[in-house]
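Read through the structure below, which is laid out as structure tokens, and then see the notes.
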Amino acid sequence: MTVRVQTEPFDVSAGIAAITMGRTDIGAIVTFTGTVRGEAHGKLLASMELEHYPGMTEAELVRVEAQAHTRWSLQDTLIIHRVGMLMPGEGIVLVVVASPHRHAAFEAASFLMDYLKTRAPFWKKETALDGSGGWVDARESDDAALARWNLPHS
Amino acid sequence: MTVRVQTEPFDVSAGIAAITMGRTDIGAIVTFTGTVRGEAHGKLLASMELEHYPGMTEAELVRVEAQAHTRWSLQDTLIIHRVGMLMPGEGIVLVVVASPHRHAAFEAASFLMDYLKTRAPFWKKETALDGSGGWVDARESDDAALARWNLPHS
Amino acid sequence: MAAGSDTRPVTLMYFAWVREKVGVAREEIALPASVATVADLIGWLSARGPHYANAFAKPDIIRAAINQVHVKATASLASAREVAFFPPVTGG
Amino acid sequence: MAAGSDTRPVTLMYFAWVREKVGVAREEIALPASVATVADLIGWLSARGPHYANAFAKPDIIRAAINQVHVKATASLASAREVAFFPPVTGG
């Protein structure tokens, strides 16, 4: 289980290698990459800034990972989340899940993203090419997505 | 939509780049990598050989992709499946899905794998370190996995 | 198929353990007009010799494709140029 | 907290637009013993001045953490060393 919060870009193959290199017991690897979309609310995006809560961020991501390992048979997981200034097309978040079986890998990766989106203390601020912008509103659909996993209340 | 059947190894980041490079409209990229496990039925695996049906393989993978694009809002997909001799730990299959939204990307990638596993004409033959081996039996669980997508009969 | 012909050429292909049991990967046959379906063809092939009989001993677990499209055993061979027999697929 | 003390030191942290509205990212306060819950603290802060009142104008959409763990507005501050206020998270 690995968690990284970083300003640098990430590479998906390197993320996979970090948790699978040298192992021959893994059967399925699922990755999720979230990227900055170049258009938001009908406006072209210039950049996106990600603020976070140092300390709590890492603690929440570790809790998210631990939850996934409780629910599914996983060999290893990796979460990388970027902070700071990001450009359209760049990766924001990377989740990598290694499991003996594909359905566990898919479900765990999907769960990690749903959980992370509603629990991990990150906030996005968009700046449009026309200079306008502001903080991104949370989506109710993200809360609904988390609810389907029937988590115990924290 | 891209389909490749090849003997060479693949790289996940290169696969992602092949369908996302230069685009800024994508929000979510899901990849699935199936790998050769080093142990099967309690025996250590020496190698795995993948036979396929040239022509039909490509046609089925194209049909699989087209089905996914019919069901979900996807920006692009890539399927690479290897054939020939593979060693434990090596990648067998790579699926990459790019979508504006994460749930579509997860579902489509999972669907592509379920569909591919029961429709694409590939056959695995295992050779154990002790020299024993043979053709891998199809799993009923794979048919059950496909059934949950409620596909029309072909 | 010209009217009145008793046979027509069809390519047969075998994969995985079906190929190993039959002993060839591919062959051209003259398909008799009386062999109308995939199931008929399996029966006809099984009568050709012990290798075939062995390969098709459990027809329920044999899968078939006509012209590179999956079909059921009841499928008609009317448009078949290429018929393939193989075990359930195990890729991915 | 020694018995009889009226206040104790707590670190407050603000993020995203809560931070922008409050005007600082972090501050140390002397928490009065009468401020028992997160909701109490929001009320107490809102009375400190217009920046706070503005930041906490819609307390329903403010999220809080005590010692870096998500809590509800009814949570007790008894063990709080660090209390954070922020909008619903939008990472990933």
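Side notes on the structure shown:
A, B, C and D label the chains in the order they appear, each numbered from 1.
Here is the rule we go by: contacts are C-beta pairs under 8 Å (C-beta built on N, C-alpha and C of every residue); 3 or more make two chains touch, one makes a residue touch a chain.
Small disclaimer: the values here were computed from a predicted structure and weren't measured.
Chains making contact with chain A as well as with chain C: B. With respect to chain B, maximal separation of chain centres occurs for D (centres as means of Cα atoms). Computed centre separation for the pair chain B/chain C is 27 angstrom, with centres defined by C-alpha atoms.
Centroids of chain B and chain D (each the mean of its C-alpha atoms) stand 50 Å apart. Each chain gets one centre point, the mean of its Cα atoms, and the points for chain C and chain D are 75 Å apart.
Chain centres here are Cα means. That of chain A falls 23 Å from that of chain B. Counting only residues that touch two or more partner chains, chain D has none.
Among all residues of chain B, those that touch two or more other chains are 34, 113. Applying the touch definition to all chain combinations yields A-B, A-D, B-C. By the touch rule above, chain A contacts chain D in their complex via residues 34, 50-53, 55-56, 59-60, 81, 92-93, 113, 116-125, 134-138, 154. The part of chain D that touches chain A in the complex is made up of residues 13, 15-17, 65, 68-70, 84, 86-92. Residues of chain A touching chain B in their complex: 11-14, 16, 20, 22-39, 88-89, 100, 102-103, 105-106, 109-110, 113, 145.
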